[in-house]
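By written order: A, B, C and D. Residues from 1 in each chain.
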Amino acid sequence: MRPVKQMDIKPGMKVKELVEEMSKSGVFGAGRIAKAAEILKEMKQDKDCKKFLGLAGAMVPGGMKNIIIDMLKNGYIDALVTTGANLTHDMVEALGFEHYQGTSQIDDKELHKKGIDRIYETFMPNKVYEELEKFFNQNFNELKNETNIKEFLWKIGSIIKKESILKTCYEKKIPIFCPGIADSGIGLMMWGHLAKGEEVKLKAFEDLKEIMDIAWTAKKTGVIYVGGGVPKNYIQQAMQLTKGASYGIQITMDRPEPGGSSGAELREGISWGKLSEKGKCVDVICDATIALPMIYAAVK
Amino acid sequence: MRPVKQMDIKPGMKVKELVEEMSKSGVFGAGRIAKAAEILKEMKQDKDCKKFLGLAGAMVPGGMKNIIIDMLKNGYIDALVTTGANLTHDMVEALGFEHYQGTSQIDDKELHKKGIDRIYETFMPNKVYEELEKFFNQNFNELKNETNIKEFLWKIGSIIKKESILKTCYEKKIPIFCPGIADSGIGLMMWGHLAKGEEVKLKAFEDLKEIMDIAWTAKKTGVIYVGGGVPKNYIQQAMQLTKGASYGIQITMDRPEPGGSSGAELREGISWGKLSEKGKCVDVICDATIALPMIYAAVK
Amino acid sequence: MRPVKQMDIKPGMKVKELVEEMSKSGVFGAGRIAKAAEILKEMKQDKDCKKFLGLAGAMVPGGMKNIIIDMLKNGYIDALVTTGANLTHDMVEALGFEHYQGTSQIDDKELHKKGIDRIYETFMPNKVYEELEKFFNQNFNELKNETNIKEFLWKIGSIIKKESILKTCYEKKIPIFCPGIADSGIGLMMWGHLAKGEEVKLKAFEDLKEIMDIAWTAKKTGVIYVGGGVPKNYIQQAMQLTKGASYGIQITMDRPEPGGSSGAELREGISWGKLSEKGKCVDVICDATIALPMIYAAVK
Amino acid sequence: MRPVKQMDIKPGMKVKELVEEMSKSGVFGAGRIAKAAEILKEMKQDKDCKKFLGLAGAMVPGGMKNIIIDMLKNGYIDALVTTGANLTHDMVEALGFEHYQGTSQIDDKELHKKGIDRIYETFMPNKVYEELEKFFNQNFNELKNETNIKEFLWKIGSIIKKESILKTCYEKKIPIFCPGIADSGIGLMMWGHLAKGEEVKLKAFEDLKEIMDIAWTAKKTGVIYVGGGVPKNYIQQAMQLTKGASYGIQITMDRPEPGGSSGAELREGISWGKLSEKGKCVDVICDATIALPMIYAAVK
């Protein structure tokens, strides 16, 4: 048994050094942060490993966009699965808007009058939807014939000018999956065209071929889940085609006891064959905006 | 100000009476259960109100299936949005299988060897997938040409023999939406056919027309969220086409602070116009398998 | 393996019947509520079992006072351990005040101006402290010489006129322990006298003799924890003198991962000898104001 | 309104720099970590401010001991309130034992057989109690006459040889309060003597004079709560004698909705006068073993 070494803090300490201290203490949240950093590092260096990131939660309003972009650019992610909401917020910033530091201690009626949409303690001007609409009007002809969600998203990424998750995935040719795309501002804009009787060819199951193929042909796989929801579950499903993921990192504040997939411990996946019996995994019970930057800064 | 009346428990008490006591105490979890029952009752009686249920989490393994079916049959739900997982588990039981009372205090490697999939503290034999495969093989020709997820699901509901959520929605002509359907056992089965080069016509955005239309044409709307994820968010999105929901009930164990949609308080929707400024709403912070039966038993 | 039986809700259903349905489903929160009811019933009927209730959280403002009193009167509790806060709120109501149904969506500055103290979504007029002060002034001579916290609290219970937890414990001669009594309105009032140079004889460790003796001499023991904190831990400590509790029920919303005692699963106590290896126990992850009334109504 | 600046991670980044990025994003968990660091820094530099640390949770087994000691030595804390458990674990290490990195995925019966006590995912050999007993036997005569818990603890701190929280408080003459001391291994050891008929003079309310005096005479006050329970509440109570704390930092994983003091937002204290209307405060919803080292490393 290894002792819990009491952590020491030094002035001017680097994140890497702090996480090393956490590794030596080795328990509770700190120990898990350290283990996540260790797994992320090992996963990155494993040339045989295809790495999937499942990204849920309001991560663009929450300030995580550049970290995701950086991870995409630096070989930490071979396939991204995310929510339509994150991609919409990514587009919103790419179209020149910003999210704002707000508060939840506020009368939402006042915000409504001012045309401000609240995402917990961030604010977004509702007028972003006008620009989104303009974008989808201008590019509708290019988008309407795509049958595959990944191609549809890469197309958007190819049109967008500003640095963004979408543009980076397009440029780096990193597959980006979004099975729940209808449930988002992007879906809403496309619906605007459907409602006018226009046709949109995007198909619901088409992308399964590609994500399943990546999983099936990979020598080894690794999974990173930031939040749960569809992104996590969609990757978990693909893992059933593998010998089980060799690496797993999950960052969530959801609890396991209510029984849902989002809060499920990674080890549960062993029973399904989604995680390898010998897989290294860790559940980090922490706000992702704290844990992800910390883990990434310790490894980068 | 109304005083907190201390709750009294009587032998042989009815659920309705217990919830009345909770209403008199009026605070914390108990007060919210009572408020949810009150809103559910009022929403049900409001003839002008279109009622949307967003259902996430492992609710079929968790024993909630019959309650959902009963709510569908008795006019509590005009449109259902759920996850592919819930519908897969619904099919699993309709095909003659059961879920089992298990435990999370177990070695998942042992379960894996025995072919048992764990969903927190429930177990499911992995062989259900063989029957699912058989079902989708037998009915592929009928399903492959559907372009609309709701029609696709109704078709499944029309084929299924045993009582189930799918069959009930089909028979009662209650629209059932599942934007993330690719992320589920159903998706997996359809992928099996795609992988063989067969074509499946299901489209990603098509259903938006119908859910938006229901929202747009409704005089009033009410929302019930059991868990968060895509089901909640997809309904919230539709609410933007209304004057805001008049009634809102949310049952979740997720917290608001990490910023994601699943844990967001309903009142946040006021800023977006998703909830009416005068809407009655309540956030019940409780395991859904406790809160939903209790609230429903108090109202039925 | 027992199947998860889907729960059925019937009109006019009794709480007992609802909890039976929960027992048949057997999993997640519902299954745990049912198991807690079963354990509570068995513990009550076990004549050899000394039953300890650890009560933390704002349970009097939360409307649970009469349930606790009822449990005390009906043989569910042989020893009560609670916080000074709960006893202070119990006294506040015994002195003729009430707690009020408030809200957390409020400007606390406004409340401060109005002399209203907020306890989450309950309100209490700050002037209760004047009456508390009067009580402790009038009865100081009777209280100052007590050396034992239990006797001190029984004395208060003997003076109080209105039904209350304190009065019930006194009348039923149920030991009531409060090791953290200095941390409460009661402590504050006694400090008022200390500050004037008066002497108060209450000793810190004295009560250990009695609680340890109850544990040591009991043939069997059972523990009920509503919330964690000192009340839970103080009983757990006494359990070390037994062969381990035979029954255990814990109701909490705290999670285990941060490592604290309040969120610790009961089974952890087995390693310490606080819970018997053969003990029946359940962790109910639920707001106590929902779970406790439900469990008690199912058993009463 | 300030925009949410997306966080950038640089190789070899210092913790201070990471927290600055968090400050620029400004929202969710990251924003709160940054705000906590800012408040801690300001509180430290404010010469008029008396700083109270309330420390609950298994912080010594969790690897936080040296951080607390360092904060005590470097002027971050003028008064410490903690649990008996933390002080017992502090003594355990001072007596030459260690805590071990364990796991919660284990059969507690096996641990029990091996004499290992589990504290979530840490292990402690049960034989530590023999050394504790020896310590209290050897020093009983020196301890039995103390009437004041702070003096009692300082006395222990004066006897202990190894660096520890207790020794540091003694040497730095930092008052250390522990109103729930009977609820701990220390209490258990003293009970051993009481049970033999020996007298122990420690009084329950005596320390209130000192903590109240510190609060009352302070020009300004600041509070840091790591976890809730008695330590938080005891300081909150003392704050009622001030004009309200000018600074407040709370690190907890407890939620506010069940209504207990541990999960209560700091701003609630404004209604009571425990927090100044102009006080700067932040609730960090995070595992303390992650948040505390990070915040402290950013400031030190």
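Rule of thumb we're sticking to: a residue touches a chain if its C-beta (ideal position, glycine included) is under 8 Å from a C-beta of that chain, and two chains touch if they have at least 3 such contacts.
Worth saying up front: this structure is predicted, and the values here are computed from it rather than measured.
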| item | value |
| --- | --- |
| Selected interface, A-D versus A-C, where C-beta contact pairs are more numerous | A-D |
| Taking each chain's C-alpha mean as its centre, the one farthest from chain D | B |
| Distance between chain centroids, defined by C-alpha means - chain A, chain D (Å) | 35 |
| Inter-chain centre distance, chain A versus chain C - centres from mean C-alpha coordinates, in Å | 43 |
| Shared-contact residues (touching 2 or more other chains) in chain A | 27-29, 58, 61-62, 120-122, 253, 255, 257-259, 267, 285, 287-289 |
| Complex interface listing, chain C residues touching chain A | 27-29, 255, 257-259, 285 |
| Chain A-facing residues of chain D, complex | 1-16, 18, 21-22, 24-31, 33, 58, 61-67, 70, 93, 98-102, 105, 120-123, 253, 267, 285-291, 293-294, 296-297, 300 |
| Footprint of chain B on chain A - complex, ascending | 56-58, 61-62, 83, 85, 104, 108-109, 111-112, 116-122, 126, 149, 179-184, 187-188, 190-191, 194-195, 200-209, 212, 227-230, 233-234, 237, 240, 253-265, 267-273, 277, 287-289 |
